[in-house]
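These notes open a run of structures that come right after.
One chain, chain A, links the two complexes that follow: it is found with chain B in the first and with chain C in the second.
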Partner chain A sequence: MTDREEKNNRINVDQDEKEDANLVTASAGDVETIPVAQQTVRTILRRLAELVFLLLFVSTLLFFLLRLTGDPAAILAGETGDQEQLELIRKQYGFDKPLYVQYGVFLMKMLVLDFGTSLANAQDALGLVFERLPTSFTLVLIAFTANLIISIPLGAWLGSRPDRTGRKLGSTGVFILQGIPGYITGLILIQVFSVELRWLPSIGNQGPESWIMPAITLASFQAPQVIRVISANVSEAMREDYIRTARANGAGFNTLLWRHALKNAMLGATALIGAQVSFLIGGSIITEVIFAWPGLGRLLVTSVTTLDFPVVQAAVFVISVFVYLSITATDLAFIFIDPRLRRQRA
Partner chain B sequence: MTLQTEIESRVSSGLDNEVILSVQDVVVQFPRPKKKTPFNAVNGVSFELRKGETLGLVGESGSGKSMTALSLLGLVPIPGKIIEGSINLRERRIDNLPINMLRKVRGNDLGMVFQDPMTGLNPVRNIGSQLCESVIRHQKVSKSEATEIAFKALDDVGIPSARDRLEAFPHELSGGLRQRVMIALALINHPEVIIADEATTALDATIQAQILDLFRERLSNATMILITHDMGVAAEICDRIAVMYAGRIVETGTIEEVLSSPRHPYTMGLLSAVPRFDIRRPKLVPIPGQPPTAEDIVQGCAFSSRCKFTQENCAERPLLKKRDNRLVACWFPKGEV
Partner chain C sequence: MTKNSSSKIKIPSTGSLQLDLGLVMFFVIVIALLVQLIFLGEDFLDGHLRERLKPPGYNGPQGGYHIFGTDQLGRDLFFRVMGGLPWSLGISGVAVICVAVIGTTIGLIGAWYENWIRTTVLLGVSAMIAMPFLVLALVVTALFERGFWTLSLTMGFIAWTAVSRVIYAEARGLLTREYVLAARLFGVSKWSILIFHILPGLRPTILVMAAFFFAVLLIIESALSFLGLGAPLNAPSWGNMLSDSRQYLVIAPWMMLVPAVTIVWSVISLNLIGDGIAELSRKRARAVEV
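Our next item is the complex of A and B:
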């Protein structure tokens, strides 16, 4: 039933029983909703279908691109390899077969998550990817958490002060920050804290000290937007009627901001924050390269430059799955945060 | 004689109860940009509200009804503020309270019902938590006691299966139910005075009638200020009525006095086009011309540009004074028409 029908229905009911003051019955006052569980399942299935299509598309594209730009047998044979060796390798790996046959084999194997072995060191490609996963995950998680812990309160605070100089300074600062590309932030940090001050290590994962700069760099991909959206949403929410209602009931500034405005502001920001987790995954590739962080992103970049296509395929596969996990998590967060989305849509 | 003594000297609509709320010469001013003269949205309003009495504030859009109501709670929107006058709740002056004291008055001594129930409740918090928040703020009760109070409050305003509604979110309720929730919220801490600003305007006619019934039944003994565009609503609910024009009260009296024999030309205008057969629900009808805006600096009677009876005297502002045994701000109050 659409909203309009619902409303008409209500009006009709009311007019039929005009004289009855207590006619507001349960059915007239309620709006139908779909159970959360059902929506959750629907969302997951829809995203899963999208993911399958995406994986098929991306890996096909990669397959042909990589095959057309380089000869895998030459890479395997190395610089010393002669013609005979090349032939041997081609036969062994099936590179002598027509491309479409190779593609078919590739797809069949991908179905069972077999991406083959690395051309560089003969290790299982997927295994290599999984090996790097925890390192990348640590970085993304630290950056994401740090970002939310800083951006949400800061954005809320800026947004709650529409006419003070603090807010103006703050938003100017955010604006400038937003203009600086993430890799520049990384390079500046290295220059200041590693080269000049010698406080922090600039490469690799050597414990908590070495997490700071990569995490800041990665967070800077996401933080300015989050701060801006939260602050815009909070400042809008603070002008809403329900804020006036709460104020008329004696609510103080903190209640208004943290208990009334922020939750509404978070609604609009959830989509952005969720979508940006996938930016973070993208940003982590750049960050890992800058800081020589031994993660998935750096593995991907190295494999692309060496045309190690089994590893490239495996890495892209895993990254895509994570991007989709983050998108799906965003959808689900919406269902739980926004009670209005639980409402039936005809 | 001052305005105050004028009002005090008057026996209010047969009610000799104690004065609960006393508003004296309140001016609410909005500064205007570029050094223009500031605009007084409320321009010296005085009235008294006695226990158990319902006062209707009527007048055209922009006449300052809402600003008068908001000034009582210290909720005049920035950059506006009360620059003159005083507001007393019983013996206590409340217009100059520090903000933390004022918050104890809001929702506790004065309860307000706003116009739009669709936007007046927080969409992402359930009804129960919004009610409990106010209960816990003003009463020393536990969470579970507050929930019980919230349930009773909903039940009390005629919300069916009230216990389940505590869990409901605003969008799950119809407009009529939401307005009942808003009323429950305003009443939940048993405020001494209830202020309802166009509480039924946003609702369709039949729901409006139900909410009015609720006011009549549940709030017949409440001390209340009811703001409305609708003379019919005022006639049904109010004991007394104050007609506002351009930030001032231009006429006040018992509902019978004002409706059956309006003295101010503006009040007459408001009532004149009411069809006889529908006398129970007369509506405000447009009077030719526009009320003065912030741009117009009116020296004399603010209604003079639209008044049929303007004379030379009207260049000087008429105060709200007892004239012809009625309180009216006009040099030439009309007799029975």
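Our next item is the complex of A and C:
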């Protein structure tokens, strides 16, 4: 495909969307179209294969690392355990059997979602994780939404006329913000709003005002990066031929920016937005620790520190599934939004 | 490298303001690291409990002048931040070398083979990318004894996935070029093609990724130490200093600000270098096209 053809296709993409977003069969030139249903099934199957691969890999890695780096029975017995107790624990948990038998049993149990009980309080490991999940989920969701609400307009504004002084200053500011890790943002927020001004509570989950700082902290992990990508994409899109054509047809600056340039810029930022969830979950661990937030991240840190491995395995399992659900959702959303994804390469 | 020839006094320049600034900022860090390694060592890391939690600029009767103040054990924050340089930069430096080597190798392997090897590489890489990096690093480092090599190698062996995906895409593009086809027709072996024909073309990409990952790994290293699972407890790593500072935010905010500023300085300098190299290679590509 030549350069010119590709550009023509982009214009067609734009027009297709204007005419009918659901018009699946509309194709540009010699490009074949795949039905949405088929594409959806294909995407789900691919993601499912990746998820199975990931779960197998990570749990196997953890399983063997735990047994190679130390004696799990000794961890269970604690400092007070004598030889007799150790033997008893080994028998009870099956640590006396060969490693491959243990591994087989572990895999079979994972299939039926049985991760065992927490070593700390004998509660069901998966139950403990699910208990904490809603809090973390809400935090991630708020941060994700806030991030998009702030990043998309700001990125579009910065990228629309990148050479003006105000926007240059703005871009520099975003660049500096990108250099500030989220945990430092969190500590500075606590310092300013809890310690100096005494406006917001610094720890725990005590009503709506205690959500503000954790959400900002978590959003700050990714917002600068999203803003920069969108701004770069928008400023590139504004130089494209289809924008010039639209301008020649008499479209105003705002129409150009918000209707044409931003739409295409957003499509380029898909991968980043999908990967966001993974980053946000990583960030939520630190955020929850800083703000003493009773979520999954803090449960993970506590159980990792105390080597409570049933809970760690369960938490890693749930996090992987959660990440894959959101990635697949993003994939599917973009199949519906972006007509180019429905086209097979000719 | 082009010289800035427009002004009379010749300032050496790379042609990108960002890269220049980033390199200058990084130069400061390198000088500080050399000073630390050659002159300071671990001599000044101990503190006097009598001078605990003193503000920046405190002039003590026996411990001397504390330009950045002291922490909860009376340790001088300037010397601790300097002592943290080999830890924080060393750990992320070793890790970024692992990331570049492993990521490039796997990416090239995925790009060369067109059979099940590619399928496996792509499947594995996209699966691993989905796993939050911090979660994996957290869980794995907890199992080993805390130390320099544990931390750096763990991070290096986990973080390469994103690099290999980028290298894979770039390398596949390069493999379709005519000079590669010519080399193949002449019967050049696959490793020779990959190393002598493809790898040089990937250099700017690898440099950009390395600069960004250096920054990312620096942040992750401090984050792990901050969570109490990174560098050994008594090591003066910047994450440990931040972690200590949490309990004294009210009475000694400088304990947080000093390591925070050094982390931000390093990250920004690395981001500037990465952006600058990317900008330069874009400019060069455009110049070739025209």
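One rule holds for everything that comes next: the second predicted complex is superposed on the first by the 300 of 346 C-alpha atoms of A that agree within 3 Å, B and C clash if a C-alpha of one lies under 4 Å from a C-alpha of the other, contacts with A are read in each partner's own complex, and residues count from 1 in each chain.
To be clear about the criterion, a contact is a pair of C-beta atoms (placed from the backbone, for glycine too) under 8 Å apart; a residue touches a chain by one contact, two chains touch by 3 or more.
Since the model is a prediction, treat every value here as computed from it, not as a measurement.
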item	value
Partner chain in contact with A:F53 - chain B first, chain C second, else both or neither	second
First, second, both or neither for A:A74, with chain B first and chain C second	neither
Contact set on chain A toward chain B in their complex	10-11, 14-15, 18, 21-26, 28-31, 33, 240-242, 244-252, 255, 259-260, 263-264, 267, 337-340, 343
Interfacial residue positions of chain B with respect to chain A in the complex	73, 75, 100, 103-108, 112, 114, 116, 119-126, 130, 133-134, 137-138, 158-161, 169, 171-174, 176-177, 180, 182, 185, 204, 206-207, 209-210, 213-214, 217
Sites on chain A touched by chain C in the complex	49-51, 53-54, 57-58, 61-62, 65-66, 69-70, 175-176, 178-181, 183-184, 187-188, 190-191, 195, 275, 278-279, 281-283, 285-286, 289-290, 300-301, 304-305, 307, 312, 316, 319-320, 323-324, 327
Contact set on chain C toward chain A in their complex	123-124, 126-136, 138-140, 142-144, 215, 219, 222-223, 226-229, 242, 245-246, 249-250, 253, 256, 260, 263-264, 267-268, 271
